[in-house]
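The chains carry the letters A, B, C, D and E, assigned in the order they are written, with residues numbered from 1 in each.
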Amino acid sequence: MIEFRDVSKRYPDGTVAVESFSFVVPSHETVVFVGSSGSGKTTLLRMVNRMVDPTSGTVLIDDQDVQQVDKVQLRRSIGYVLQGVGLLPHRTILDNVATVPMLRGVSRAHARKDALGLLDRVGLDRALATRYPSQLSGGQQQRVGVARALAADPNILLMDEPFGAVDPIVRAELQVELRRLQSELGKTTVFVTHDVDEAFKIGDRVVILSAGGRIEQADTPERIVAHPANDFVADFIGARSARRTLRVQDVDGREVVVDGDGRPVGMLAT
Amino acid sequence: MTLVQGALDWLGDPANWRGLSGIQQRLVEHLAITGAVILVAALIALPLGILVGHTRRGRGTVVALTSGVRSIPTLGLLTILALNLGIGLTAPVLALIVLAIPPLLAGAYAGIESVSVDAVDASRGIGMTEWQLVRAVEVPLALPVIVGGLRSATLQVVATATLAAYVADAGLGRFLFSGLKQRQYSEMLGGAILVATLALVLETALALMQRVLTTVPPDTGRP
Amino acid sequence: GSDDSDPLKDSSSSKTSSGETIVIGSQDYYSSEIIAEIYAQALESADYTVKRDFKIGQREVYVPEIENGSIDLFPEYSGPLLQYWEPKTEARLSVDVFDALVEAAPKGLNILDQSDATDQDSYVVTREFADEYDLETLEDLAKVDDKLTIGANSELEGRPNGPKGLEKAYGFEPAFTPIEDSGGPLTVKALKDGTIQMAIIYTADPSISKNDLVALQDTKGLFLASHVVPVASDKLDDDAVAIINKISAELTPEGLVALNAESVDKQSPAKDIAKGWLADHDVTA
Amino acid sequence: MNWLSQNTDLVFDLTLTHLRLSIPPILLSLVLAIAIGYLAHRQRFARGPVLTLTGLLYAVPSLPLFIMIPVVFGTPLRSGSTMIIALTIYGVALLVRSAADAFGSVDRSVHETANAVGFSPWARFWRVELPLAGPVLLAGLRVVAVSTVSLVTVGAVIGIQSLGTLFTDGFQRGIQAEIFTGVILTILVGYLLDTACVWTGRLLMPWTRPRPRTNSRAPLHVPADVAGGAR
Amino acid sequence: MIEFRDVSKRYPDGTVAVESFSFVVPSHETVVFVGSSGSGKTTLLRMVNRMVDPTSGTVLIDDQDVQQVDKVQLRRSIGYVLQGVGLLPHRTILDNVATVPMLRGVSRAHARKDALGLLDRVGLDRALATRYPSQLSGGQQQRVGVARALAADPNILLMDEPFGAVDPIVRAELQVELRRLQSELGKTTVFVTHDVDEAFKIGDRVVILSAGGRIEQADTPERIVAHPANDFVADFIGARSARRTLRVQDVDGREVVVDGDGRPVGMLAT
């Protein structure tokens, strides 16, 4: 369980990124923070592993204040997938995944063996193990990033727009994979994105943020779609837009679901 | 082209290679001066450059400083130092160290800074200490650029170490000065060829080293 | 000796510059520059047009330019100049050297009257060192059992009065260290520091007395007598020659040391020193 | 400062002479390096040899170079032309790699774009490639400017007047103030030309001006730093 | 009208990018070529403005063989939005848009005036005119790219994954804008993408390509969704995947359309 207790963050240059944010991420759940650029998502996420220290308020993990924990130890115990992946370009895929266990003192041979298993887990061919990050496609790199975050078998997983840089098709694949992983592993996960559709696809619970880390609505995806809390949320999720107002159309005897502009979205399951 | 022929003849004469002021001895002296200068300059410049690159502090100062130091005329510096320190190798070695510091420093901080911000942030994020970050991520990734700085520094020092002969009985510069003053132009040109060859050899060695140290494979595009 | 492949010999075509302008050169040596400046100001006050081309490196660089006519007037030193043209010359005494020099001068160049003022190479040691070994002449150096190193411009190493010449004339060969300041302050400092024991310093250099150095007598005639002597091209007319000769006549050995002292101690520019000297000496033809 | 007060004219003249000797080689080496660098950039096979060769020119000590130039080019030894040719050679040695890198730094896609919107190859070079190579070229040029100014002083050893004359003269006469004046003015002249390069760059390349609203670090080009010094 | 008549392209290294491709793009229509990476889309597109010359076969524009037209002139007469925008970084937005008219000899003043009008057209604030490309967001840059392609008032518009690099939200906006523009201008447009959803949103007609530029199906979006021609197409558009098999679910009294995984997609219009 991660608890944000009235946290605020003002950066040295005066920007107030987050103001009085309180929220509890229950254990084994996936919570998605979604909001437009600059709404403070990354700042909030990084408070959990102390990459950012709040100016006021506290963050607690299983009721322990993270300020009491050594930074380096804390970070080694939390899986973190960064906004820009950030693999080490001079290490092979395998060694990238094995980094954290090795930092924690696991022997190289052992760490590598475990890393191989993780590659399978995130759906990467073992043949890629000896490649370098630059020799992988964007989607493959993202998978390595996830494998690295899982390597220390952390209870908590922080993911900062992990699929931001990949194209829509690969992105859709990765989203499906992630859901599979989550159902298998059941980590407490905080996932950050500014794509509402992605949030709906991934989150057990979605938190819609406006500037300064203000919570506009926090609920399950279906309930947010069905009952947006206010105009901000309705606009943000495009509740009134053509792409969300669907209807069913008959095309040569089959029921095609089309959006407000008549563009096909899918078929009605029969 | 008789001049070049003369230089080649001078180089080819085994008598010129032997003895205390022979080519062999001068080559050794020249290399020793270069090596000592680079070593001392590196001990000063590399840690400083790495620190600046890692902390991202004081970059402006260092840039201004290196550009300023770079514009100090070595000949002027040498004369001032010599007037105060006397003849011998101290003054030229000091002047050469000053000359070698800017490229080494620039190589170090630019190398560290060129390491991708994402990789650095990620390394912190997965729990590396600052020291581990420097040792295992920043320095290895910066090495090609650092060695690039080393290459320029070496090239400059090898060429400029000839000035040592202005105030000391050492180095290949002796052939240049005495050749000039005694109108032995073949000797002078021969000396220049020796300096350039030495530079070529060192340059090639460092280029090889740079290639070996480049741990990141080239981007091969689609896998 | 000189290579056959001397790149400087034909480096520019020999033509005299247009009109009346007299090009005056000087060595890259402050004393030479002062004398050249005296020539220049004296000629100017006699309404000659003068172009100054001072501080031209060493003899190896400027003599070819005198020879090819791009420089018309140059204050030289009789001994070294003779050795430049006649490396094997046997002349040592002032008059012999001058006569030989007039002989040796290439066509088109005139050696004007030499001055009493001398500025010649001499081997100096510190007073301490001289006392320790009781040195007066170069011959006495044979007594020195310690390491003996000469500091001087690198050209000395190959010259007849360098280490090899000492060996031939006096029977000992010292080590050599180049110091490219023509016997200037660095050389003096090296002497005092004891990094060298012997140096070549010009006799007119005020630093000899200032630093209490001892010039060892050259009993075997290693050095040629070296008087200040103007070298001129045909472009100088009789009046101009008369003015220059008058200057040579007025310039005494002590006078030259005084001029040099003014440059080094008072740090005055050559222009001012020359002006002061001309105010005290009448050189009008 | 006794010396300086008596010699302001001389110092002023020498500073001007110094500038006169510095500027032509800087400009000449720029032009030559652009030509050679572009060739090295376009002809992949030529790149390695051309860059190594020109780079090595920098290792030729200056004194022998001064002697060789009259032989090869027929200029009088103790002349501005000899100096300018020598410094141009060093400038080219420093700048060719920068120039090749500069053209290399122009995004392939820009090249594509220029073709796609209908630039002819000639227009593409002048109006797209050259301007875009500008920033990296400028970085190289700044190094050349500073090192050229510092190299001019070496000419004093063979009798080419410049601020370097103050070193040799001050050395002989033991006047430290004179040497210091020379050193400081050389640094100042270097700084002046460096600043001139920067401002010319800003003027000609408005798109590189520091701009508001972006707080990202200045684009980093690893310095082609092979600068400075005299041989 | 653009006609591909049995064109093939074999690159010097032996890769056969396109083999015997024939297709007609009718005037004033938008045709989308969609296919996975390497299927030859870019190659086909570039045959139209002769950035690539076919190894065999001909491309005709209004019945004229493009081989007969001067390359440079041809390119100036066709609007082209490149994969990756490709603005000239050293020219202001305005000058970027004015580039082609100026190359064609229009005076600078005139070209700039027209360019201002185009900025309005693609929905860019005129205040951006004096900025440089790097000062714009990805989405804004894409708009400039489109404005530049329109600047010479071409009859034909070629667009190569123009929205590939922008994030999903901006991408959706740009797709809507492009449809508006198309309905206003009615240019003959060839649009290339590897995102099926994008193809369905933009194309009057969609051509699904497999390797070597082979046409698997060419039809309207609805008909492709309703009746995929073969298994390749069905797989490619994900006809059987969870995201296309929709159903309607009641959430607190409102009809939410959810996908096969129960993730909300939109609301059923009433």
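Keep this in mind: a contact is a pair of C-beta atoms (placed from the backbone, for glycine too) under 8 Å apart; a residue touches a chain by one contact, two chains touch by 3 or more.
Since the model is a prediction, treat every value here as computed from it, not as a measurement.
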Where chain C and chain E overlap in contact partners, by chain label = D
Key: Distance-to-centre winner among chains (Cα means, whole assembly as reference)   = D
Query = Which chain's mean C-alpha position is the greatest distance from chain B's?
reply = E
Request  = Could you see whether B-C or B-D has the larger number of C-beta contact pairs?
outcome  = B-D
Task = Report the chain whose mean Cα position is at the greatest distance from that of chain D.
result = A
Remark   = Chain centres from averaged Cα atoms put chain A and chain C apart, in whole Å, by 86
Ask   = Centre to centre, by mean C-alpha position, how many angstrom separate chain A and chain B?
value = 49
Message = Report the inter-centroid distance (CA atoms only) between chain A and chain E in whole Å.
response = 31
Touching two or more other chains - residues of chain C = 7-8, 185-186
Inquiry  = Can you list every residue of chain D that touches 2 or more other chains, as numbers and ranges?
reply    = 67-68, 71, 156-158, 168, 171, 174
Note = Where chain B touches two or more other chains at once, the residues are 3, 83, 177, 180, 185
Ask   = So which chains end up touching which?
value = A-B, A-E, B-C, B-D, C-D, D-E
Query = In their complex, what parts of chain B are in touch with chain C?
reply = 2-3, 5-6, 82-83, 86-88, 165-169, 174, 177-178, 180-186
Query = Tell me, which parts of chain B touch chain D in their complex?
reply = 3, 67-77, 79-80, 83, 99, 102-103, 106-107, 110-111, 113-114, 145, 148-149, 152, 155-156, 158-160, 162-163, 173, 176-177, 179-180, 185, 188-189, 191-192, 195-196, 199-200, 203
Inquiry  = If we count contacts the way the header does, which residues on chain C are in touch with chain B in the complex?
reply    = 1-8, 58, 60, 151, 153-155, 157-159, 176-180, 185-186, 189-190, 193, 195-196
Request  = Would you tell me which residues of chain E are touching chain A in their complex?
outcome  = 164, 167-169, 171-172, 176, 179, 194-195, 197-198, 200-201, 221-227, 239, 242-249, 251-252, 254, 256-269
Ask   = Where on chain D is chain E touching in the complex?
value = 107, 109-110, 112-120, 123, 128, 131-132, 134, 205-207, 211, 213-214
